[in-house]
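Got some structures for you, see below.
The same subunit A turns up in both complexes below, where it pairs with subunit B and then with subunit C.
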Partner chain A sequence: MSAASLSASNGHPSLRLYIAGETPGARRALANRRRLIKALDGALQIEVIDILVRPEEAEQAGILATPTLSDDSIHPPRRLIGDISNLAEVLAYFGYDRKDSTR
Partner chain B sequence: MTAVNNEPPADPVLERVKTGVEAFDDLVMGGLPRGRTTIVGGTPGSGKTVFATQFLAHGITELDEPGVFVTFEESPEEIEVNMASFGWDIRRWKNVAKLAFVDASPRDSDQIVVGDFDLAGLLARILHAARSAKAKRIVLDSITQLFDHFIADQALVRRELLRIATALKGEGLTVLITAERNSEYGEISRHRIEEFVADNVVILRNALDRERRRRTIEVLKMRGSRHVEGEIPFTLMSEQGMVAVPLSSLRLEQQSGTKRVTSGNPELDAMTSGGFFRDSVTLVSGATGTGKTLLATHFLAGGVAAGERALLVGYEESRGQLFRNARSWGVDFEAMERDGRLKVICLYPEAQSLPDHLLMIRELVEEFGPQRLAIDSLSALERIAPETGFREFLISLTSFIKKREIAGLCSATDKSLIGGHSASEQHISTLTDSIILLRYIQKVDALHRGLMVLKMRGSDHDKQIRRFTIDGSGMHLGEPLHDAPDIFGGAIGDSSAK
Partner chain C sequence: MNTERGLAEVLEPVDDSRLTGISQPSFRLLIENTADGVLVVDLSGAVLYANPAAGKILGHSREDLLHVPLGRPIARGETAEITVHRPGGKPAEVEMRVVEVSWDGKPALLASLRDISARRAQEERQRQSQKLEAVGRLAAGIVHDFNNLIAVFESGLRLLEKRLAQDPNDPKVATLIEELLRRTQNGSALTHRLLAFSRRQVLSPQVTDLNERIRSLTSLLDRTLGSGIRVELDLDKASCPVLIDPDQLDTAILNLAVNARDAMAGAGVLTIETSRDVLSDVEELENSTASFSRITVRDTGCGMSREIVAHVFEPFFTTKGEGEGTGLGLSQVYGFVRQSEGHVHIDSEVGRGTSIHLFLPCSSSPTAAI
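And now, the complex of A and B:
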């Protein structure tokens, strides 16, 4: 059992990725999001929230920095600021085990 | 041949945004320049958040300019509670969408930073809040907390802060950013943000001066515009917020009236060619027991008898004592108070700071609306303040009295019984219009009391030294003392008198 929460819909853990428009940092974070989901063999949901489009979501969550990958389902929320390029570090921080076969 | 340019030159005067701190707005020619960024630096507890909130409050309540409060330190709820005592109904402003909060205060979360990031999230929230509130003013309080939040990425925070400041300027907002200082007279702010984001720099201080707290506000820099230099004192008052004490040097345009009012003593009126001027300040100086309080009592009673309202602020004697004294000279203070013609306020000088005394007197005058005011005595106030503070106080007080066209009378106590000067006398003599000296005069047979009108601006007056007596109906001026020894100052009298 991982430390991450389970979403009600399909039993997969669910995170949120806050970005602010199409910045280079946001593009890197979005690419890394796909790598992250792949590394968990699809058993992870990451909702993308563009703060420029939904600023009230960021206000509610109290997001200052972007990109931020956040587990808002637990209290206090766990947050990782940055473009999540180091997958191993991201996995370790959220307590996931790698599920794909590569490497 | 020169070309004639018919186009008016671009107006070099920047539009001003009033902060609601009146005397401060005077310092900066009407307010903070619109569309610019002002850094307000101060040590913890110097009043930064109060000033910032007042800036927003004034816009919302007086000028219909909505605002945004970006808070990095306290939560919006804490600010709401803390500012309520100043009479600011933050909840209501929120409900009617005149004030929007961006809550960037520290929240309970586990957080690490891995890789590159920016503060676009914060900027997006701020812009969203500003646009939905149609804000004209915005406060960021305090930016120091943001640096502390991203302690390992100081260069990044600087870069992002500059970006935020630029974006806010682009929106036409007038920006007030508070920043913490480590010491009252050290570098301007901890992260030197003033160097890269500020058009203007204002410093708030809460310094210890002779064991007393003295709050001041100073304008350090105003890009492209003028300002008055130097620190001016301020105080924090409930239901009002920050109230700065104006320096009268800014407003020396009091009209000088020619209307006379009675001194309350017919013989003294005769000596002064018809009494004091309506908008003038008279100093009564003398040793203890020479009759200063008596002269003040005459002055007040004379006003009341002429249908005026009179205010007495006593710093040396209790109400009971003052009333007893008055009764012994045939003046009924109680009846005058009952009729609403007199107000007597007594308190210890030590009860509050000098700026607070000044503001209290101003408030009393606004409330009661007296035509004459007596302060007994200034010397008592002098002992609670450093010299510069006392001079500032006197300047502000005398200019206020004149501006309100009140006849003022202040007493000062000499330290030595016979002759001598009080320090307040030195300070105030150039600021007052008239000076009356009361002295003990030693003669061969007995000790007499003498009175002399030393100076009376804009009027002729009796320059003789007059002996006087005190009885159940007050002061009675008698014969001139022709052979008084030289006790009224070096230039007066005959030093060879026996």
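And now, the complex of A and C:
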């Protein structure tokens, strides 16, 4: 069911996290990004795109709101928007099995 | 519809039997006219329905929104906050609620969107005014300091005038000028610190070293609390970094220091302590072993009775005379600490003094990492 792309560099699947600036919401999303990567023992890449810095990429991807976690490698892109702190739910949505032993 | 229905009937809890009495077009009318944005999204994240308010909040026509891969909306608990980026407009802070629904017989998600930008802006203005108020409360101390400085200048200039009249080449003239110049730096250091403090800054929680922050603030406290008050620091290296807005911490400490100054009637010892602590007696804490950094601001002032302690965090509560206090200082402290997911405790004894303890969660603990 995993539909994530394999990045060319190291073979790990990769997602994109769209955030905006340094709002508390963006900070939470970045902390959750680290937790997600840790939950997969680093076998996941999540590129961070600050849409205030790279607006053209957000526009191209059709991002309406942030934070959005997106697998842009498939059509239509698979996305979550809002609070991504529930790791199990997030990983299941993108079709990953977590590898660490903690909750 | 039955036009005979009175208000009381309408306010009764709506049950299913009553709902079936409302026509589908009426429901549609409700959804189409509500101020909250309503989106229905399928489980893959594609928009199935958007009401006019959702179109307005997202900055697109509702037709444009249909089938757009917005993403599956996801909230923890009741709501999630998202930032909406409208084409050519300012980003909007939006509160999103998500519930599971059935749409055309298939599972879907209903996201209701509420633009809270105005509320956020109002909160921001309130924080700024609290800060300015704390600065204002320091005015007495600062005026005192500046009066001293002016007195030094006045006598220095008179002395200079005298010496120059006697002997313009007197080497003491240069020394005197040097000394006066040095004093001007004291004054400008104070005003720079105050200006930096009162400058508007957006609320931004960041991992903060409490000891470092408190040390940088004490130069201001030292100079503004008056010469009768000695400021002592007892900063524990083991206190952990905390995720807070450092600007609000400054305001809180300043508020506590001004209260302490008033409680000590201008003479006494103000101690600021930090340490690492575990809170075990707070019922609402799920994890009773959570680590906190504690900041204690202690004075040797008049203390407070139990009755007064019970009210001190209420806005506008003050024991000071008219025109001396607004009663907003401690409510700022309380608001800041609660917002940072911390706790405030007060120990006070009439005639002995008051200790106010701020417990702020360690940023390294998992509960504070987000």
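Going forward, the second predicted complex is superposed on the first by the 99 of 103 C-alpha atoms of A that agree within 3 Å, B and C clash if a C-alpha of one lies under 4 Å from a C-alpha of the other, contacts with A are read in each partner's own complex, and residues count from 1 in each chain.
FYI, contacts are C-beta pairs under 8 Å (C-beta built on N, C-alpha and C of every residue); 3 or more make two chains touch, one makes a residue touch a chain.
Given the structure is predicted, the values throughout are model-derived calculations rather than measurements.
K.L.:
I'd like to know which partner A:51 touches here: subunit B for first, subunit C for second, both or neither.
P.N.:
both
K.L.:
Report for A:97: first if it touches subunit B alone, second if subunit C alone, otherwise both or neither.
P.N.:
Touch status of A:97: no partner.
K.L.:
Mind working out whether A:31 is in touch with subunit B, subunit C, both or neither, as first, second, both or neither?
P.N.:
Only subunit C is touched by A:31; subunit B is not.
K.L.:
Name the contact category of A:68: first (subunit B only), second (subunit C only), both, or neither.
P.N.:
It touches subunit B and subunit C both.
K.L.:
Output the subunit A positions appearing in both contact lists, the one against subunit B and the one against subunit C.
P.N.:
20, 23, 25, 51, 58, 62-68, 76-86, 89-90, 93
K.L.:
Can you check the complex and tell me which residues of subunit A touch subunit B?
P.N.:
18, 20-21, 23, 25, 51-52, 55-56, 58-59, 62-68, 75-86, 89-90, 93
K.L.:
Contact residues on subunit C for subunit A in the complex?
P.N.:
It is residues 44-46, 58, 60, 68-76, 80-85, 91, 94, 96, 98, 203-205, 369-370 of subunit C that touch subunit A.
K.L.:
List the residues on subunit B that touch subunit A in their complex, please.
P.N.:
Interface residues on subunit B, with respect to subunit A: 102-104, 107-125, 127-129, 146, 149-150.
K.L.:
Can you list the residues on subunit A that touch subunit C in the complex?
P.N.:
Contacts found on subunit A: 20, 22-28, 31-32, 35, 51, 58, 62-70, 76-86, 89-90, 93.
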